[in-house]
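Should a chain be cited, it is by its letter among A, B and C, assigned in written order, with residues numbered from 1 in that chain.
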């Protein structure tokens, strides 16, 4: 899969434009452009460049970033902790709360509580992140002075961006939890469990949640993947040095080696997350086996 | 199934079972829905909102109080309810934007693009994703491997890079935006569907169907798909909001809807530079997106409750109590 | 906030009386405001000596919030908007500009003299050392010039080079810098290029991108990529011994650069007390900061017309386009300040033509011109694209939409297109004879004249072979070739005449000499420079 991605990434990045015209001012002369092209090895035939790229990539060498002039892979790896930190904090905020809200609203569908949860979670899903991020900064950092406006650091720095990012997974996951729980409630085994005289609470938690876990795990995996793939907007707003903002800058500058390295690193992370989700499946529901 | 029918009927896979499952007595069925809707005030409001919105979008040239493109630098960023400079009886109800254009009129015209983009891309990605997820979860083995590797590649590939690529190869425009959004979101449905199918296929009802000699096709269409629909439709309504917001991000990067065309997403990202000075420029498009998503979702969950025989009692019971 | 309401001269007197300024700052800023030396002397005597900052040891800390991180800390990157705020504090060039008058003054050179029309002899400053302790001398300087401008290295800065530049050693403290062809603005080019540490270049070239070792007042402490860059005052800086020549002093000890792409967030940092300067703010955000400084820049915003297009090849249409754009209102409302432009460079540039006036705003006349052209067979229905580069400068997208609307109103067929950076650039730099006739672009972009000499603009926009020219006229070509090599007193007038001849063809519609907006903490004393350098040696605190 990674090999396939390598090929796709190479050709896509080489088709979307030429870094040289971005590095020079518009007024630069043709000779200055040509000199730069030669230095970057962009005047070779595409297949030669491709061979060079694949040869290096399998050894983890993507070449030097055009923009930063240092090897590309270490730049990306350097940003990885920040991305994982923010994604982790976001999920830690969002997932437990989402499951709780989902269960609460599934117990009495159509009730006031259910309605409130729906409105809140839908609000989360439909809120533009940048708007929420800026509002949080203006309120908590400038007006109240409780937290720093932005930047990278300890828990006080991660709170605002994680909160701004958490509302969307919170909304999505709680809605899916709710509907998965409702589905499970109509299954015969719930009725059976009730008939056995267990308290409803135990029924809810032990049987239902466990069986609803698969769609929930899937969605959490998706949200984790999309957080890793780039919380670009929030990283931009908060000046958070993650992989997402790095990739966007690399794309804007057509920094081919850096784009390639970023995409591959992100892909490796996502494959890992997916593996974890699959493991969760078989853990949650032993009937599901892989092979 | 009329309530969520809109969302599902367009799905290629849905055509067969829709016929089979459609109610035997449509008149009584509709009446039942009508009664249930009248009882559920929130769902009623949601339905009315969507109807009004559709009406405004379709009849935008007549519904909009002003020309959405008429600029006036003297009337830049005027707060809601400001009277137009040239007089008249209608104020700028939602204020004016950075070029002095009427915000409400732009919102009405923008709804055309936003709704089209949101619904079309959700329909496409939803049906493709659900179908692939079904196949992967049902057949497992090589089919599953192949589809899930595709999902992995898709998820690992940054959507912005993909958008740029599409733009370079085929150019911009509304249809390409829809295409980009559909391509970047199908795997969400595929993964959820596959996860559900994996758990259902071991369930009693599937095992029972198989024991009675049902074909794969019949099991998928009659037993699995109906059970998948409610979570998928609910997911779809959430995706509408997500897609409209993603379109905003694309527009902002110069990859989405182009002015003078407008969309809620574009308005939202244009208003962001004035977040501290002109709150109405982000608030109203933001509210429009929120209310649309909320209404769609309320209707979807409501439909699902009413159409599910094991849940319908909630309405019956309530009507008995009142 | 109150300080900002004062007229510049009142603010200056208030600052001086409060002892917020160094002796040098009093002299510079006073002179810039036209105060006489005796008036300044009185002010200086009034100030208590203890607060004349230059005598005190550096203390305190400043955080400067930029919009982007520097890509590399190599010396040549000091040409870029991202690079120079950091790098011009670490590195120094042969020349700099007087912050008050913008005249070229010595930095690492103490004197310079033209030998012929291609060569300048520089006398270098004594007692200068790099931050690693290695000495600065003629050999290092000459090698540094050759390295920075080398055709082989092809550093991005070479785009500011006219004819090839090279240097050779004359004696221990003297070098000759020559251009391959006569180049009257050679000194300005050298002011733009600070000199590297050749010991590092030769022995540890791998360390160059991340480890900047210069001669400047501040040395690099740490670069946490993606997060911040920290500098501290270099104790052995030559300027401590000669503050007059250094045009500044190490009043502040520690400097931290951070970057936030969002203007609103940069302003919030100043408002929350996390940063003392926020650069490149949107005017609306700047108003929220304790002190908002609006400073002129070398950037001019303009519309560039595809003159080969069947519609825009008609000069009446080009005039109509100019008349349809309400430049005054745009400057006032959209750009939040600045000066309406009548040409592509501001008054600071040599060759600025003070007699040119902008085309007025007259929709009626514009429509009439379009009708006349249509009557003569100009196909006015052909589409014109107002091409906007996303995020090129604040309000760019709004300008594009406005222009397209206005053109439609006078009977042309225009639409806006917002284009992503790289795709835009590809079109924008297309040579004149390769541009398809029916492209019909109106490009909206800024032109920065960092050399402060209009001949820099000639080679980009005026000439048939200009890198970004959409205009071609043999007569103008001849004029630019002749006038750009003129030296001495006639130069300015000759260049101005060329500009007038170019503008008469209306190949571009200048809109505004763009101001930059800086948000400052209330107690920071600093006046932004025209070249937008952010030299910490020119900053101090008032308390």
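We adopt the following convention: a contact is a pair of C-beta atoms (placed from the backbone, for glycine too) under 8 Å apart; a residue touches a chain by one contact, two chains touch by 3 or more.
Computed from a predicted model, the values in this text were never measured in an experiment.
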Innermost chain by mean C-alpha position: A
More contacts between chains, A-C or A-B: A-B
For chain B paired with chain C, centre-to-centre distance based on mean C-alpha positions, whole Å: 47
Centre-to-centre distance between chain B and chain A (centres being mean Cα positions), rounded to whole Å: 22
Centre-to-centre distance between chain C and chain A (centres being mean Cα positions), rounded to whole Å: 39
Shared interface positions of chain C, touching two or more other chains: 264, 420, 423
Numbers and ranges of chain B residues touching at least 2 other chains: 164, 168, 275-276
Overlap residues in chain A, where contacts from two or more other chains coincide: 16-17, 130, 134, 138
Residue ranges of chain C in contact with chain A within the complex: 71-72, 74, 151-154, 156, 158-160, 208-210, 225-227, 258-262, 264-265, 268-269, 271-272, 274, 420-423, 425-426, 428-429, 431, 445, 456, 459-461, 466-468
Of chain A, residues touching chain C in the complex: 16-19, 21-30, 32, 35-36, 38-39, 67-70, 75, 78-79, 82, 130, 134, 137-138, 141-142, 145, 148-152, 236-239, 241-242, 245-246, 252-254
Chain B residues within the chain A interface of the complex: 40, 42, 149, 152-153, 155-162, 164-165, 168-169, 188, 191-192, 194-196, 198-199, 202-204, 227, 230-231, 234-235, 238, 241-242, 244-245, 248-249, 268-269, 272, 275-276, 282, 286, 289-290, 292-294, 297-298, 301, 304-305, 308, 310-311, 314
Residues on chain A engaged by chain B in the complex (per definition of touch): 1, 4-5, 8-9, 12-13, 15-17, 109-110, 115, 118-119, 122-123, 125-131, 134-135, 138, 168, 171-172, 175-176, 179-180, 182-183, 186-188, 211, 214-215, 217-219, 221-222, 225-226, 229-230, 232-233, 247-248, 251, 259, 262-263, 266-267, 270-271, 274, 281, 285, 287-288
For the chain B and chain C complex, residues of the former touching the latter: 69, 71, 73-74, 76, 98-99, 164, 167-168, 251-255, 258-260, 270, 273-277
